[in-house]
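To start, the structure under review is shown below, and the notes come after it.
Every chain is named by a letter (A, B and C) in the order it is written, and numbering of its residues begins at 1.
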Amino acid sequence: MIKKNGSALLLNSILLFFVNTVLQAQDATALVQKVKNKIEMVHDYEALGRMKTNVSFLKIPVATVKIYFKKPNKLKIKNEKGISFVPKGAVSINLNNIVGGGKYTVLDAGTEKIGGVTVRMVKLLPDDDNAEVVLSTLYIDEANLIIKKAKTTTRENGSYELEMTYGKYMEYGLPDKIIFSFNAKDYKLPKGITFDFDDGETAKKTEDKAKNKKGRAEITISSYIINKGIADAVFNN
Amino acid sequence: MWTLLQIELFKIAKRPRTYIAFVAIAAIAFIFQFAFKADGQSYIDLMMQNVKDTFSFEREKAINGYFMCYIILNTLLIQVPILVALIAADSISGEANMGTLRLLLSKPISRTQLILVKFTAATIFTILLLLWMAITALLFSIIIFGADDMLVFRSKGEESQILLITKDDIIWRYVAAFAYAAVALTVIAALSLFLSIFAENSIGPIITTVCIVIVCTIISNINVPIIDKNVKPFLFTSYLVGWKGFFYIGTTEDGETIKGSIENWPAIQKSLFILLAHIVIFVSASIIVFKRKDILS
Amino acid sequence: MSAIISVTNLSKKFRDITAVDDLSFTVNEGDIYGFLGQNGAGKSTTIRMLLSLIKPTSGNINIFGKNLQTNRSEILQQAGAVIEKPDLYKYLTAYQNLYIFAKMSGIKVNRQLLMRQLEMVGLSDRAYSKVKTFSQGMKQRLGIAVALVHNPKLIVLDEPTNGLDPQGIADMRNLILQLSKEMGKTIVVSSHLLSEIEIIANRILIINKGKKIVEGTAAALLDPSKSIVQIDTLNNVAALHLLKQSRWAPFISTSINTIKIQMNKNDIPELNKYMNAMGIGILSIQPRHSLEDYFLSLTTQQQHVDPITN
């Protein structure tokens, strides 16, 4: 009798597991779709923000920038007043690019905690072998349908990471703060061009100098103007 | 003294060779402005080689008047010492060569006065040269290329850096840089004046000054540790480019620039002090040697 | 007559060379003081020391009763100099040159004063020409104008006739005489042109190899009783032997094939008689009373003649 019950239990467990997995997979796809629907409510926006770039060889001030977005994937970051250095992969901060592109396969990757909040981890594998994005990992806050973090590997532009913090624009899926981490090649001046003033000091060696040439851009957005229409000309160079 | 100084300045103004320096500076500035107007983008591309892959930035804005002035000054301040020597090295040797020195010194003016007046006149000439540089290299560049944020390319030890200074944080730096350059070039003037005492024509002191500056500059830039430690700090040429220090903007721990700051103000102060000390030494030596000199010319 | 310049035991050594050796002399007020010597005798060095262009190795220079070393400025305000060929600023005009040096002399300068000076030296019509267009004579004249513009009491002229043509030399001579006689200036003039000094100087200093040979009035130096008489005979050896036993013995000097005696030229007949009496055939007896011969005899002979001082 007991033997028969043990087998049934095992069978049940296995069955439950598979059902759960399938259900969960369906959950993951449905979740991503829900997030995508939310994001796609925004046709365009104009955001005003401050961009702080942290790269070892770049010493630049915090720049006041305007970010323009237009569906499906037009994005431009502009410094109205002076010169600014915008990481090239910044086009990826448009989440539409990540979730909105072609078809992809969604894989559930479990859960994780970010800032004390449990988030769902999903992996997106584009079906299109030639797509720019090779793999994305999204960390989604299920309750609010927002992406808190995204790790993306691209074909041409290396891999990068996005961390989002949300505030009053959460209902649109638009973050207040984006931290964008990327790979930055080291910079070397052509030799002999500058006669520099040697003040006797050498540059402070940062811990991760030699190996990890990572750069960081932190954009803090103060306001969005959403769905008010933006001319295409804005996105021209 | 004031009368003597007026006379000296009058004599300098009346000599055609005085104006060679001003023409040369204008020509150099113009050549750079022309070249960069034609193809400045190539220079930016060269300097930003691998940065271009990771970042996009407004290339056209990078070539602006402030940036141009920095480039022009970079070259000019290697050549301008020769132009300063052209006048300063003529101070005493030129008079000896012309035969007027014996007449000058049989007048009731002291030899100390004469040296001080010659030095002051050479310094005024140097300052006028720098004002002219400010006009041709800075003002004209701003007129031709406009004003915008400024990129500064820098080697700091083994590292290379790109600094960005915002438009409204630049002019005061140039004022300070020109003032510093005035002190630096005055050292050259004082050295030339000193060498001028030993010769009876100015070619010798001019060439000697130029040779000293070139050799010392090479040593200053050799980057051999034993020389860097033991020789470099004592060469005045190591401090001639200190004006650039005004463009090495201070940063936070994160690398964010701090408006209105200088990374290493004490280093600039130290350089200024050393240059001023050189001036005092050269002028004092000039007075001492000149007072003892027998005028045989 | 007060001493304007008083030099005592002045010496100057350049490394191993003694250019001036223990020189002492005095220049009185109103003198035209001739400074004579061959090239390299030490004249220019001495003059440059008087003008504080060269520092003495030892000795003392007093001008206007004051020590030169400690009162240089004050003294030089009252002195004007033309040192060898006057060199001025070629790229400036005559007027500008005069202006500059006048200002340096410490006087108040105005156009009238400068034009008057230029007129005095005959350059008023070339006032605004650049000096590089001037002939040597014109530069010399401008040099004089520069030396005189501040009305100095003492004028020092070092080889002022160098490079001048005969007319220029004559003009210079007349100017010096005018400055002395009409304007009461004290003038020190150095030259190797003995004939010129002979004409204008009232007191003369002769130096050789940095040493004083003789100092005195021109009159005393050219005194007929101090003539140099040159004798040429058929037998100079015998003649010399004889003369050395005569009263003229202390005043004999010899050079190749000539015998010279410093004597009163009025005694020549007596000398002639003596030589004839001794059987010496005379070829010629020639009295020389020019300064040139006196100078030559002093500076080339081995014997030193007793200094004749005044």
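Assume contacts are C-beta pairs under 8 Å (C-beta built on N, C-alpha and C of every residue); 3 or more make two chains touch, one makes a residue touch a chain.
Keep in mind the model is a prediction, meaning the values are calculated, not measured.
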Checklist entry - Which chain would you call central, comparing Cα centres to the global Cα centre? => result B
Item to check | Pair of chains ranked first by number of touching C-beta pairs | outcome: A-B
Next on the checklist: With centres defined by CA atoms only, which chain is the most remote from subunit A?
Outcome noted: C
Item to check | Between subunit C and subunit A, distance of the C-alpha-averaged centres to the nearest whole Å | outcome: 103
Next on the checklist: Counting only Cα atoms for the centres, state how far subunit A is from subunit B in Å.
Outcome noted: 50
Checklist outcome for this item: So, in whole Å, the Cα centroid of subunit B is separated from that of subunit C by 53
Item to check | Residues of subunit B that touch subunit A when the two form their complex | outcome: 46-47, 49-51, 53-58, 61-62, 74, 78, 148-149, 151, 153-164, 166-167, 217, 221, 232, 238, 241-245, 248-249, 251, 254-257, 259, 263-264, 267-268, 271
Checklist entry - Across the complex, what residues on subunit C touch subunit B? => result 14, 48, 51-55, 72-77, 79, 81, 83, 85-92, 96, 100-101, 103-106, 146
Next on the checklist: Quick check on the complex: what are the subunit A residues that touch subunit B?
Outcome noted: 52, 54-62, 79, 81-88, 182-190, 193-203, 215
Next on the checklist: Can you tell me which positions in subunit B touch subunit C when the two form their complex?
Outcome noted: 3-4, 7, 10-11, 14-16, 98-100, 102-110, 292, 294-296
